[in-house]
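Below you'll find a set of structures to go through.
Two complexes follow with chain A in common, the first pairing it with chain B and the second with chain C.
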Partner chain A sequence: MDNDKLAYERLIALGKKMAQEVVEGKGPTFETIVRSKSNILFDEKGFLRLGEKRETRKFLNVGQAKTFMQTVSIANKLKQFIEQNLHTSIRGLYYQLKFSLGEDLDESLFEEQSESNALIEDLEVALGVKREDFHLTTDRKGVLAGPIKIRDSFGGEDIIIDGTKQGRSGWMIPSDVDNGMEIIEVDANYVLVVEKDALWQRLNEDRFWQKEKAILITPKGQASRGTRRLLRKLADMGLPIIVFTDCDAWGWYIYWTMKTGSMNLAYLGRDFSVPEAKFVGVTMSDIERYNFLKKLTIKAKEVDLKRAREMKEYPWIKRHVEWVKELDLVLKTKKKLEQDALQGPRLTFVGDYLREKIRNEEFLP
Partner chain B sequence: MDNDKLAYERLIALGKKMAQEVVEGKGPTFETIVRSKSNILFDEKGFLRLGEKRETRKFLNVGQAKTFMQTVSIANKLKQFIEQNLHTSIRGLYYQLKFSLGEDLDESLFEEQSESNALIEDLEVALGVKREDFHLTTDRKGVLAGPIKIRDSFGGEDIIIDGTKQGRSGWMIPSDVDNGMEIIEVDANYVLVVEKDALWQRLNEDRFWQKEKAILITPKGQASRGTRRLLRKLADMGLPIIVFTDCDAWGWYIYWTMKTGSMNLAYLGRDFSVPEAKFVGVTMSDIERYNFLKKLTIKAKEVDLKRAREMKEYPWIKRHVEWVKELDLVLKTKKKLEQDALQGPRLTFVGDYLREKIRNEEFLP
Partner chain C sequence: MAEMFDSFKEHSIAEFFKKNRHMLGFSGKVRSLTTVIHEYVTNSLDACEEAGILPYIKVEIHSMGDKYKVVVQDNGPGIPRELIGKALGQMLAGTKFHRYMQQRGQQGIGAAGCTMFSLLTTGKPIHVISAHNGTAVSCDVSIDFKTNKPVVKNIVERPATFHGLIIEGFFGDVKFDKGQYGPLEYIKRTAIANPHATIELITPDGEKYLFKRSIDRVPQKPKEVKPHPLGIGPHDLIEFAKASNAKKLSSFLINDFSRVTQKKVNELKELLPDIDFNKDPKALSWQEAERIVKAIHKIKWIAPQTDAVIPIGKEQIEKSLNNVLKPQFVTVVERQPRIYRGGIPFVVEVGIAYGLTDESFPFKGSVMRFANRAPLLFDAAGCAITQAVKSIDWKRYNIQNFDEEPIAVFVNLSSVHVPYVSAGKQAIANEEEIVKEIKNGIMEAARTIKTFIRKRYKAKEIEKKRKALLRYVNRLSEDLAALSGFSQEELKQKLMQLVEERYKLGGG
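And now, the complex of A and B:
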């Protein structure tokens, strides 16, 4: 069963429960999980998730009545989207709400999109469903190439995407990789995630994915929901996930968000994180090993140093001595290093660097 | 002949000319076109381009010697990239320069990438060649679907991209759409350019491109070089280019940059502009026509109003009374309107809106 069918059933059940409460003379209620910092914990399996703290919203509480009505309106719209088998963005949903609820009311039920956004998250955690399953599209920007075949059932047609036949472009990872989408064949040794599109293009040109039998993915910076979800699915198939980013604040953030999730997206939990991910580079230690890198370092900015200090305090990072050593090197030398620098000696060096480190399994956890 | 072959010949010719000057006992010189504002003009055919003002850089001028050496170093690297048949980004080029020129010199020839960036533009205009032809990759972010077939000769393989078989993802428009890439079949009535990816996904789901026989493109905001270049090529094949953006400062900017180019990219000239482009919406006049839009407008920000006032002064805009009327409406009502709002009544309304306006040819110039 596709996840959107499950989402639909849970929306219906929510509505029935509320109607029943009204029939019984009680005020309808909506129960969700608290998303504040106090209810975020680091799961021993290696990712951030919400705890058990719940809150109940009541329609008959004056302060909560508007929020309650908004939540029900959103649930109603999402139900319609699934019935119509159509998708839209959270912005599209907002305009639908503005349209249909402005007519008979003096006051607008929604003034700002930020109001509906928070309530979508409420529904996601309350019903244990992702927004993609509610037929909400999200930003997409990852790209893939390599030995994988995917069936995309879309617009009444089945299309087979062959990751080895994507030319210079690659296949653009969509917003929703669950509903109507199936990985039908994989013949890869591992997945390599490359922070920057420019480096992905470089490696794609070298046919790194063919030589290494690897699935080559770039999130193009911070990974979109679709890319994170796809990585989770590939990891679940037993593929090692190896990540290659800049050695700076932004690069580390990209890696750790993919691996453990982040505080403000903790509500997504395991479905969008890959605790198994390993970090191949660029590391400060690479500077000792590849002498030419010395002159290709950049002065670290205050944001990089601040981030390095913060990271050393995260419980899930400071338990890894390898990471502490790396971060100490950053703080001591006040340098950083970009993955682009590995093209210095020759354009194809970056592939050789990766091949060597991956073969020797020289990873950070 | 692919453009990169031409670029290569011109780089060789530049080198030979300089060597000849040295042999003749003269100092070598490099002539380029001035890119300052004073040398930008609006071509009567409808796009911004550079004028005829030229400047000559001399190696034997103390103030220019470093710049001259930098330019020659870059030209040398670009020649190598074409010989090796490899590509990289301008960042990759920068690191190559840092690597190879740092060894024997006390002083580094390049401190910041901004130095090499400006000199790449010098070479582009001096030799009449695009950076893509120098094997430099650029940011890419446009997406396409529709009745078009493209041959992508890449990595020793020929791949046929069928724009009708791209599923939910679409085909990602690459950085270089000239070298090793050929449009082999088009069966479309027009090209529709949709500012936002979310709306593109909406229309792709409705199979707008199939129903309308249209090529559906989103630049995902401001168009990348690759997308602008592809639009130029499609226009050259006689296809009308119809643009659909938000009615706000950013939307107008996206439209006019595609159509006429922009001041700081004027050096690209006709190759990256589409003066034939028409604007289908969203317009302020739509508010009168579609009554529901009244409650879906947003308060214009100061940046929108400022932009509207500026646009009314551009000679190439103020000659269009339709645009002046639109901008006056913005300034009078202090409202703006997003393309997402056209999903208010029902998700598929946006397609009907576009179909009706396109059929009736209700465009702004």
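And now, the complex of A and C:
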């Protein structure tokens, strides 16, 4: 069964529970899990998730009445989207619901999109369903190439996407990789995630994915929901996930968000994180190892140093001595290095660098 | 006040007031008309009260070019023929001046003052019809300014089966006005302080206002009491001595004042060995009077009796404030009798009416001042009541901005001797004990208002919440029905019921 069918059933069950409460003469309630920082914890399996703290919203409580009504409106709208098998963005949903509550009332159901955004997250958490399963699309950003075949059922037609035949531009990872989408064949040794699009293009031109039998993905900065979800699915198929970013706190933070999730998105939990991911570079230690890099460092900015200090305090990073060492080096030398610098000696050096480190399994956890 | 008369002995008092009419309240066109109404209505109320009659007073004001005709009619006992001239045509000739009791008018210049004012501004006498003891007398009254003697003309007598007084006068240099200082407001306030009276007003525009009585009981008659020695000054002593029948100073003191015994006179004698207590009290000099008053304050006295002071009554004020002002909430406080200047008893009553509408009372943050049930409309700034109201920190009582709120503070001071600031009798002097007592009364009443405002605020909040929720019920039942498959009508009814139960009107 597709995930959206499950989402559909859960929406109806929520409605029936509330309606039952009303019929029985009780005020309708909506229970969800608290999403505040106090209820975010680091699961021993390696990702951030929400704890058990729950909150109950009541329509009869004046302070909660409007959000309660809005939540039910959103739930009903999402049910319709699934029924009609149509998709829209969270902004599209906001416009679907932005109308007056009544001819005589100077009040709209929603005034700001931020109001509906938070309630969508509430529903995701309360029903244990992600928004993609509610037929809500998100921005696409990631690009893929490599030995993978995907069936995409879209617009009433099934097409097979071949990752080896995507030319110079690659296949853009959609926002939903669960519904109407199936990975039918993978012939790869590992997945390589490259932070920057420029480096991905370099490696694509070298046909790195063909030579290495790897799936080559760039999230183009922070990974989108679709990219993160795809990485989870590929990891579930037993593929090692190897990440390659700039040598600075920002780049490393992109790695850690993919790996463990982030505080803001802790409610997504394991479905959107890849604790198995490993880090191949660039590291501060590489500067010692490759002499030419010494001349290619740039000065770390105050924001880089601040981020480094913060990262050192995260319990899930702090426990890895290798990472503490790396972060300390940033703070000590006040230097950073871009992955682009690996093209310094020659353009194809990037591929050689990666190949060597991956073969020797020189990873950071 | 009466000291001034002494220095004008060579002229008549009427002559003096002719030149100083503002002292009687005849200054300013609006005020002058209100003063005329005030004098007549006050006399009517006092007369009815003394005769034990429930007053019905009708006031008509007609515009006659640049002059006004005023007709005041009452159902009181009327005036005996032989006293009509004295009552309406002679200054200081009223029945009140030498009596020490609580009455609205106190100095007996009122009605005669109106006659004088009529003569001065229109040259016309006052026309009177007095039905008393089966005879109705109609006549015209004017004053001989030189001699302060009344002139009564055109006397016609006939038998009467009714009693009462009709006074008709023409006045110039006056103006009718519906504002805070006009006759309408004056009569409205008189009605508030006299819930046993029915008062009718017909304005120059032909509008008719009827303030019906809310109590069918004539107020208790105030007792005539002898003054307490601690309450008098040298001037009072000389005035009382002149009016006394006593032959000796000692018997004058014992007979004409309360709490004075032979033993007390002896104590005074010891303090004043050189004053002859056997002398004729009429021969008392100013200096002697001054020394006696000083000595009086040196010895101990039994406190004066306070039962001579008769307040309006808490219940009565509540009824009339509701009746006339139609506010959302009224609270009234009746204080215990107190003494000022060591010897003059008084009682303060305070009422606060909150939530007034423009229809019943268009003024915001209003102070309604009364002395012995008579409204004080003018000279507010110098009045003890105004001072007391201004000294209250209204914010403490949930009144954020007193001057802008729909609130009226009613204060009535009852006393056998009200310390007016001037002969116009429109402001109470700032006697420390009086100001303090009024302030305490206002604070006591304001505490109840505070609770009311808080409760009303709470009720409003609940109502707001109820409305907010009801607003969402439609939408919620629609969405919930679509989501669950339940009947929208059933969900809507149940939800409305739930909201109504939770946020009951007037409930917590």
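We adopt the following convention: the second predicted complex is superposed on the first by the 357 of 365 C-alpha atoms of A that agree within 3 Å, B and C clash if a C-alpha of one lies under 4 Å from a C-alpha of the other, contacts with A are read in each partner's own complex, and residues count from 1 in each chain.
Here is the rule we go by: a residue touches a chain if its C-beta (ideal position, glycine included) is under 8 Å from a C-beta of that chain, and two chains touch if they have at least 3 such contacts.
Everything numeric in this text was worked out from a predicted model, so none of it was measured.
A.B. asks: Classify the contacts of A:Leu123 with the two partner chains as first (chain B alone), second (chain C alone), both, or neither.
C.D. replies: neither
A.B. asks: With both structures fitted on chain A, tell me whether chain B or chain C touches more of chain A's residues.
C.D. replies: Per-residue touch count on chain A favours B.
A.B. asks: For A:Ser73, select first, second, both or neither according to whether it touches chain B, chain C, the two together, or no partner.
C.D. replies: second
A.B. asks: So, does A:Ile12 touch the first partner chain B, the second partner chain C, both, or neither?
C.D. replies: After superposing on A, A:Ile12 lies in contact with chain C but is clear of chain B.
A.B. asks: Between chain B and chain C, whom does A:Leu109 touch in the aligned arrangement: first, second, both, or neither?
C.D. replies: Once the two structures are laid over each other on A, A:Leu109 reaches chain C alone.
A.B. asks: Looking at the overlay, does A:Gly27 come into contact with chain B only (first), chain C only (second), both, or neither?
C.D. replies: Once the two structures are laid over each other on A, A:Gly27 reaches chain C alone.
A.B. asks: State whether A:Leu268 touches chain B only (first), chain C only (second), both chains, or neither.
C.D. replies: neither
A.B. asks: Touch test for A:Ile242: chain B only (first), chain C only (second), both, or neither?
C.D. replies: neither
A.B. asks: Scan A:Leu327 for contacts with chain B and chain C and give back first, second, both or neither.
C.D. replies: neither
A.B. asks: On chain A, what residues does chain B touch that chain C touches as well?
C.D. replies: In the superposed arrangement, which is not itself an observed complex, chain A uses residues 102 for both chain B and chain C.
A.B. asks: For the complex, give me every residue of chain C touching chain A.
C.D. replies: 465, 468-469, 471-472, 474-476, 479-486, 490-491, 494-495, 497-499, 502
A.B. asks: Please give the residue numbers of chain B that touch chain A in the complex, ascending.
C.D. replies: 81, 84, 86-89, 91-92, 94-96, 98-99, 102, 108, 137, 139-141, 143, 152, 154-155, 157, 159, 161, 165-176, 181, 197-198, 201-202, 204-205, 207, 292, 295-296, 338, 340-341, 343-345, 347-348
A.B. asks: What residues on chain A touch chain C, complex-wise?
C.D. replies: Per the stated touch rule, the residues are 11-12, 14-16, 18-20, 22-23, 25-28, 59-60, 62, 65-66, 68-69, 72-73, 75-76, 79, 101-102, 105, 107, 109.
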